[in-house]
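Each of the next two complexes has subunit A plus one other chain: subunit B in the first, subunit C in the second.
Up next, the complex of A and B:
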């Protein structure tokens, strides 16, 4: 037997393999790097945000009488008044109205603690006085302090009193705004893409339009806010801060992305399908509507939903059209003043009280959940349309 | 003459079947076609006969497919394309300004090189266009048409139990027959076929060829093919194109057995092409 070892020998093989391994390791490192950042971000947000989903309540004896209805602050005295929430006390007359039997009795109630006490109970930095801390510790030892699920956060709007502020109004605002955005941007974007891809003649003019649309997709979003301010608010007089104006502004921002992705989806439909249609004497519209669009739909859906999800997290253009304003109540129509999730998060992030800090993180968690569910819808729709063909 | 015997046999066979009265279905007069500056067809004159198979042969880029696509105005879709001259179907100019191109294509159907069923069910593939053309209403009438078309394309027995299945799930040869069924469902007079078997295996090809021989009882068929044996097997008339010119056009027997032009002879004996 001759020495066959050298038969498959290539001089550089070891070095080449090393290079391949190194390259693979580098790419792996890149993904580990980005995943670790993502995990760090998620852990940090959840750690900071989850305490906002509970709120401290203190069991107290509250003396109810006529005077309390006039001046609710008189219901509690001394240290109790110092640690109770002013928002809760302001609401006390309403509670009395609902429970007339309370009148002229002393009720043992779970009173909402103010945010500083709440922060102290949660073991965070707090501006409470030494004496109050001692009193709170004393109450805690007696089992008169409890952390309950924070229904206030999930059911109210913004407030200047931290323990009374909630995310609900901005969720409503976001939903209304996104509805406006979808209703405007999706049909206009898809129709534009269909015209440009299927009907427009290939001339200088359409080329200019296409280049401009591609460039618009890369424009800083705040400029769309300025455009919305100038056109919708100043020229057409659409109510400021309303989901209508916010949605229209975001629709402007979404349009280029929807058009570009829809065009790509239409382009990917094989031209043999169109040829087949023409060969049968179908009109262009019949071919596009019944044969091309169904095939392009998953791609159009994906692009549109990604772009709308992007709009959902957009803050800058909405600040310009006034959606950053302090709006305590949830909007009931498209023209009511409203705020949106990212704007609410932005507002809270700038507040000095520590309680707003955890609300900021909790708001981000809510926004992430909304985004993830929207993406889940996108995946579902894509699957559904793909399964058809 | 040192022609392969097979050719002659096929050509003779095709000739024997030819016994009907010959009338002109498609008349082409002085047809010139330009792609921008470049002239792709040079004054083509050709009469295509009713209920016959006419094969267009020639080397790649000779203009035979371009010519075929003139007959149902598919070239209108190419922006830079300019067509001059006259093409008449039953004596009616299809390039007349008054005439809607959609109506032309309803009368002159087309089958393509790659089977291209719509991404819909077998049933919908066939029913869609007739419903759009108001040939049938949805329901029983439409079911009958689908069956008739599938039987006409020799596909009924293979797919009658799975009409709801996607057309794209069929084999290549079945897909092509589905495309032919789809074409005949809109009841055209003329069917154009652009290399309909070049993407298929020999067995599927044979089925399609037999189908074409059946179809010519009712339709005028014009087929572009690269395969000269195929032209010899099925065509009644054959036209040889070269460099945008119609070099020779005659009944298939004459063209294959006794070509008049040197170029035709060179091509069919494999000296170029």
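Up next, the complex of A and C:
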């Protein structure tokens, strides 16, 4: 027996150590759970979304004549008409206008397939008829079906025809919205931070402002939507669904993040720099403008980029201010009706057609790539300009 | 003239005038100084002085004009207003430059104006809070004029369909009266939050323990980005994932076991919401656990405890107030979460304890009531604001409690991360 020789032997020690190992393993398990969820999630989204980056085209003989210009649906007959995209046919008169030499000839063209055929070709669940499937298989055997890179997805707006819908309009809307957000939130946020960190006396009022900012950061984002609806739209008459109202709403939501990170950045600038400035007879504002602010800028930028990433993915307040409208064309000004990428994802996710599903996932992939690269930029800035005083 | 050209003229006049003010003020100061006059401030401060105080009246008149127009007072044509503001600006520029004397305290005046601007900026965040509060309360009061407050808080049935008909001008005599009893909605919100917490609290807390107690700094640096990515995924994406992958999976598992589950169920949205909240809990708890003084741990080791026992019996009880506060913050996050539940939990107010049925939450009802094209005089639209008021009050109370707890914890141990 070990306790004959070792007076410090504790009989329970083995059990206790086992328990300790178990506990450590449990904590490790929790981390592994989170990471494996993340990987599973990303794989799942990519698996659902990558087919949307290709689109099925079918080689067909299209008879072009005067009648087709009037009624493009008459260009194709029978089975061909059933598997071609209505959107492509609708666009046919424009193509004829661009190529006048086509008139009264029969052209062999790559015709966009409709979404159900597209889904069938991609091996997914599809509502195509048995006869059409046989026809498509036949065409495929002849090499008349090809999956080409999906340029439509990147160049068009929303559409009720799945194969003709894209994210371009929503990306334009997102860019406009974020511009408005940053133009409002960045100066106001940085100015607030400067005031609180450099100028404000430590009194009751300053504390109220600080507590208020902390609370604002934790208010559910949907309530900012209610504010936007009640005040910006109903009270000030800003056009509904416009990037302007969306950007203003998001700006208020981003403010606390920018303020808190800017304050931290200003705080990290050592006070010796300010003392040196005072010693030279500078005013407070001159010191802030010429010395403290430039030194704090990398930190402020990092915080702002992170808040842009937040704003980019935000959906709920924008839905409330009407940015889920059906918008086929890209907005050209800040007051046009527009939609944003997350709202587009939300709209597509609710569509009954299966073809929208892969587009939703593809939209998510685009959104995630943008967000991750923004975060990477923020991390890079932080690493590059990080300074130990 | 269109609004756009007016804005163009306005800003096209504002900036050159300010620039001119800077140049003229500076030139005058330089000229005076070269005559041997002792000036109060440096020349460029006189420049800034005349530039800023030229811009001030222009912008003030512009802002007043915009407000007048918004409140329906349109007697003065906008073009006249723009001209007037620019004219006043030019006049004040001339007067300012003329008034520059050796004793003009340009430096102090600029400092005051800048400070005023900074204070103005800091007011925006306060105004935002009041804006949210006022807009919600105002509309919610409208709602409570139509529906009784008591029925809203304690009513068991939410059936606003006939209110929609009234709003559409087709109030049928034989249609049942609209009912706005929000208890099923509150119950659904609460229930989904509880499910989310069942996922988020154990995983988040254990992750925090691993990150702060067990992981080496190298492992920490590698694992942390993953949690940050998890935190950075937009909620609409989580919602899509819940509806696309998790819900069918839950249904499949339930069918396998012999239970019946709906495709929109509380369980799947709760689970996904819980996963969304994991990084939130883990980072806050990580901060709290890291701020427990090392001497506590050393004391426990000296008494013969191993690391796990130290964590369980010394570190965690010590950090408990902070951990509970971070969980409360996570609860308020879950209560206000919108997209996941909109996409995966359903629209039907359903008073049940079965997590496999569809349920609805406060946020879902807000979105549902405000997405249609509706007039603001009907109770269905206004009910969104009443629900928003409840959400605002509850999350605000939770936040105040938890933030003050975390703060006092950090103050006690002199670590500031929040």
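In this text, the second predicted complex is superposed on the first by the 345 of 389 C-alpha atoms of A that agree within 3 Å, B and C clash if a C-alpha of one lies under 4 Å from a C-alpha of the other, contacts with A are read in each partner's own complex, and residues count from 1 in each chain.
The criterion applied here is as follows: contacts are C-beta pairs under 8 Å (C-beta built on N, C-alpha and C of every residue); 3 or more make two chains touch, one makes a residue touch a chain.
Because the structure is predicted, anything quoted here is derived from the model rather than measured.
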item: Which of subunit B and subunit C A:118 touches, first, second, both or neither; value: neither
item: Partner chain in contact with A:37 - subunit B first, subunit C second, else both or neither; value: second
item: Partner, of subunit C and subunit B, that touches more residues belonging to subunit A; value: C
item: Subunit B versus subunit C as contact partner of A:336, first or second or both or neither; value: neither
item: Subunit B versus subunit C as contact partner of A:202, first or second or both or neither; value: first
item: First (subunit B), second (subunit C), both or neither touched by A:283; value: both
item: Touched partner set for A:294, first subunit B, second subunit C, both or neither; value: first
item: Touching partner for A:358 - first (subunit B), second (subunit C), both, neither; value: neither
item: First, second, both or neither for A:163, with subunit B first and subunit C second; value: neither
item: Doubly contacted residues of subunit A, that is, touched by subunit B and again by subunit C; value: 283
item: Subunit A residues touching subunit C - in the complex, by the definition given at the top; value: 16-17, 19-24, 26-31, 33-35, 37-38, 41, 44-45, 48, 187-188, 191-192, 194-196, 199-200, 208-209, 211-216, 218-227, 229-231, 234-237, 252, 255-256, 259, 283-285, 309, 312-316, 319-320, 324, 342-343, 345-346, 349-350, 357, 360-361, 364, 367-368, 371-372, 375, 379
item: List of subunit C residues in touch with subunit A within their complex; value: 70, 107, 110-111, 114-115, 117-119, 121-122, 124-126, 128-129, 131-132, 135-136, 138-139, 202-207, 209-211, 213-214, 223, 225-230, 232-237, 239-241, 243-245, 275, 278-279, 282, 306-309, 311-312, 329, 332-333, 335-339, 342-343, 363, 366-367, 370-371, 376, 384-385, 388, 391-392, 395-396, 399-400, 403, 418
item: Subunit B contact footprint on subunit A (complex, rising order); value: 201-202, 270, 272-273, 275-283, 286, 290-291, 294-295, 389
item: Complex contacts: residues of subunit B adjacent to subunit A; value: 72, 74, 77, 79, 102-107, 109-112, 114, 116-120, 128-129, 132-133, 166, 168, 179, 182-183, 186, 192
